[in-house]
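First comes the structure, then the notes that go with it.
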């Protein structure tokens, strides 16, 4: 049976709500990904991960999957043609109103599953605001957050290799929709700041946050090393991530918000 | 070759912009459609129409298709489980910022192709605002607006038969994704106001506008008569609408905003 | 006895509310109307229509008339000196807060009677928002909406003749305040788009909506044919419109919002 | 010749702007004024004062008069039926956008002439904001500010006698539109706070500002002593105020913003 | 025992709230004060006054002192380096949300004690809005408002001498933190408008309000005459003001909002 | 010489700007810290750290220190008396407007030095927004971010021991202002979620973010183990953190935004 909320009638949605279903809301972006990957890369990857994980988890717990929100927060990519970005406040408000709708209907386990680094701080911010201004509780994570140690084992690139249109994203894309990867344009565009205070890798934290325009650090819009990506490596990582996300969905289902000591 | 902007790289997007491509932005909703159709009906129909029309038109003129904005303005359906609605100002601002992104990159022919009646006045409003506050020009229409006389010939239902989860939507849905229509739940739920000042049919204008909550007029969330819908009739109407929308895209491509006397 | 709410004390207002009075809120604009009509044309016409209709209806049902909101949504006229326009969100919020005040006091039949084409989509939008965000119900119509067939019989001009500073507005103005019409500046400035998708006439619908700056289509700020306007024809049309609006007010009084099946 | 901007065409407005005309924008309110005066008292008084002063001044300097903004900031009167109030931010934004329209067209002398005490701090606030955020300069005053010493000589009431629906407003109203004053309901409802820190009189400053709901201090919505008001005394005061406002308009015309040392 | 709320634990705060403590919220600014005084002058003066007055009053009534809000409304000083200013709406919203927090906890006597002239109208405006939109009551005054007659006796300067970086502020600063006053840069920069309608002195009202940029009237950013300021005169005035503010705090404690007739 | 911008005149500020001074903007909060620490703990700690680090760095590079923004984002502490919190959008806008003021004057190295965990995602979010909407660049970090490895060596508590009113904050507070720590109320209130997906320690990342109300996890408002805190350990950690922050300030001074490859 489908996990897509969009494929259900309101009556069926009502049943899922009554069953305590986890609602997975994928959040993507629509931004340039170099000359070798398409504008909808973030949307596509998070949609695939979310659907596969929701399907897997649904064998054990009730789950519904929302359509992916494709309008993300990507001002740092606007120098490259085709990128669509909301402003910070609009992005945050869209998330807030979508979650408020779900909460109103009775969904009590909402997972904002993110697929774009630049969305993360805004998502965490609005999640805190919703908790208190709207009494709406959500959990927030990027799909890679569930698999950082796995990614570190998996990677071949040096620090800076996994950031944007990078080793990870390219490999995953080769797996989920290889026809959209233009291999002739793949090249190592690894970038890591000189300053030890900063990071240029999705899986490595930095002490200090600053915001670069991608155009400042790359003519082609790539920050990472996609050169070792293969469909096989993509499939391997995809499966790991999906397992991890599915495991969290099952785990999340078991939480009782009224018993924080048990969470 | 694909018409989906999301499947292009920024470099390819740049080429389409240079060619003067029409950018089609489908705008849907995520709202209940009775017991016989799914929550994503509006999203699904406008996406199918937009893609088919963009494909058809692309044989003659350059076109790109954006992902469908699925977060619409549907407060009147919130009584039914699963509906997701933005507030008016958020909905309008999302549209504004998406179009602003496109305009910034150089797209000069933006078509907001709508698939939900409740979005229409907000879309027209923000289109006027964008024209002057942002210097962004767009064209706005619902897909059925292009085919009102055809629909009137095609229909079997009395006035009130084509409104929500209705003869038209059900037939179209049977054609584009029949597995999602629950035929056992189809029944005539035609509704038309008693007052001659009002309308309860998408294709018939009224003198006065008021807003009903769907729950006030229907226990099941249907306003219309889906009972005569068939896949064949759906295909017939779908093709007409697609032809009409494609024709407009081709026509729109030819406009020169600096020559309003020629438009 | 006066129908003007402004001429009543709060105590008398209380009585009208208790009687279930219809509250008529005229909404105008303050924008250029060519070289032959004044900046307050929209305000003046809708004020006259509203007052005459409210007076007429008050013989049968309780009515109160609010002062006309003169600050409309007219960005497309700002190239012409003297035009005053609110932004979209401010215009919508003013309407929302005025109606909220009235609803708070107990008015349950609020008619937003519009006199400027550019206000219409914003008014319909905010009416839907108020219905659900504020639980405030209103009815929205432009005064000419009540008389489209009459206008079509009455008119002498071709399509495009009735749009802005046009046959209809000029004739009505000659009737209600002829001293303000500069006859020496009247000339036929009929404008209708070449594209069959568009309309350039208030009484004719178009399939597609776009926004022109009036300055793009007319040096003088006129879109229509005022050349056949006379005070007599103005009086004739004014009386028809007033009758139609008054009839709706009487009809509206009879609605019971809790019985949507009876509306 | 008319001073009303609304009665001019855009072409005539252009001429007035070229002549450096002072633009007078009266700002009223729509709020209860006890059992003896109507809801539009503030609108009516400021409109009369503004028109008479503009007419008088226009004998010497070019002046245009805008329609009175009747939607004021009156939350403290909402307990009484019929009052219409905007929220603070909406009220301020309306003022800002009206003045911005005027400035855009070239008006450089904008006088916000206020007729409601509760509007004053919001008007002063937004005037400062406009000066720097929009580069729009305005002058702000309530009509009585021009005549405080005259009012003090004229008054018969003790402190607290001139505040709301009071000696001054009642007398002025008797002069400008006596039919709207219900004399049988006039009684002394003078109110002055016990605390020496506060004021309860429009013409007397207090050290500390707090906000009362009118319903907290008066069952009838009056704070003042209208018992000595007569049409003759109203006329006398009206003429003084009009002279004072007209004198300021003439004086204001002479200012050169680029020479602040001469202002 | 401390009056600073910030030095209390939440438990101790609870006790003060239970005792009905007056909450003093000093509001400053961060703006240039000529070549002889520092950017934090307004913050510093209002902080010193507030603390001394709160201490004094606390001998008789329970008081808590909030940290000074240093982000004021100072767009008219932005031409001078170092000034930090919020926009009007942000400034007003900060005040609103701080007061709302206090009210939520149970504080019922909130004094917004202001130390910057430009904040005053915005503070009064938002105080009125809070009273009705949030049901939060506050009292608003600038510290000098409590001592205008005293200041007039104390002053040596002509009108215009007490406005910005002036006789009063310089003397007070010499007293509270003399090391921050650069005496070599003190000179008479008294400014008073030529127009009799305006004022250029904090202690003198004007009929009309306009907004100057300080840079328009002074190269050095001073409007006033600090030349006669001495530490001794500063101490004298400081003590008077502190006494006056303390007296109000004690008085304010005694108010019962539910008995407006006793206030 | 002082590093406090507030103690400088505008002329001196101008010199610091010309010298390329780093502007340090400490951002605190005003929220409960259990029964043993005061409401201004976050404000106090970040102020002390910022001042000491700015002083230290100023021996080598020009630095100015802004007053600490004490109005933070603390909705999760509002159940405890005395907490003051802004809403998310107001908090973000205050930061944006303060930084915009600084950037306007010419400051090009702005460090938002944070002292409250809940502020971090909002600060990172608005920093990204400012970079593109306002062309204002800032660096963002919490003071502890500079010393995570040091803190891990220093700590005695298990995971969960350093979170709120915790081992770290208590020790630091004992050092900077010991009189404000109520030792009799110190007890181990270590809290760490059961779920392996979450974190309850400032120095340990979690895969998933959710928002607890402090009142849900602690009756006293403490999440951490302050029981081993001593002034000596506080001094030791304070000095390490100050060194680290000072080192970053010196390093930051050297960045050239126009040479991102060198950063």
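Observations, loosely collected:
For clarity, chains are labelled A, B, C, D, E and F in written order, and residue numbers in each chain start from 1.
To be clear about the criterion, a residue touches a chain if its C-beta (ideal position, glycine included) is under 8 Å from a C-beta of that chain, and two chains touch if they have at least 3 such contacts.
Source: prediction; values computed, not measured.
Considering every other chain in turn, none proves to be in contact with both chain A and chain B. Common neighbours of chain B and chain D (chains touching each): C. If you average the CA atoms of chain B and of chain C, the two centres end up 28 Å from each other.
Distance from the chain C centre to the chain F centre is 56 Å, each centre being the mean of its Cα atoms. Centroids of chain A and chain E (each the mean of its C-alpha atoms) stand 49 Å apart.
Among all residues of chain F, those that touch two or more other chains are 78, 87.
For chain E in complex with chain F, the residues that touch the partner chain are 4-11, 13-14, 17, 30, 32-40, 43-44, 66-67, 69-71, 78, 80-87, 90, 93-94, 97-98, 101-102, 104-106, 180, 182, 185, 221. Taken in their complex, chain D has these residues touching chain E: 73, 75-76, 78, 87-89, 92, 118, 120-122, 124-129, 131-133, 137-141, 145-146, 148, 193-195, 197-198, 205, 207-213, 216-217, 248, 251, 255, 260-263.
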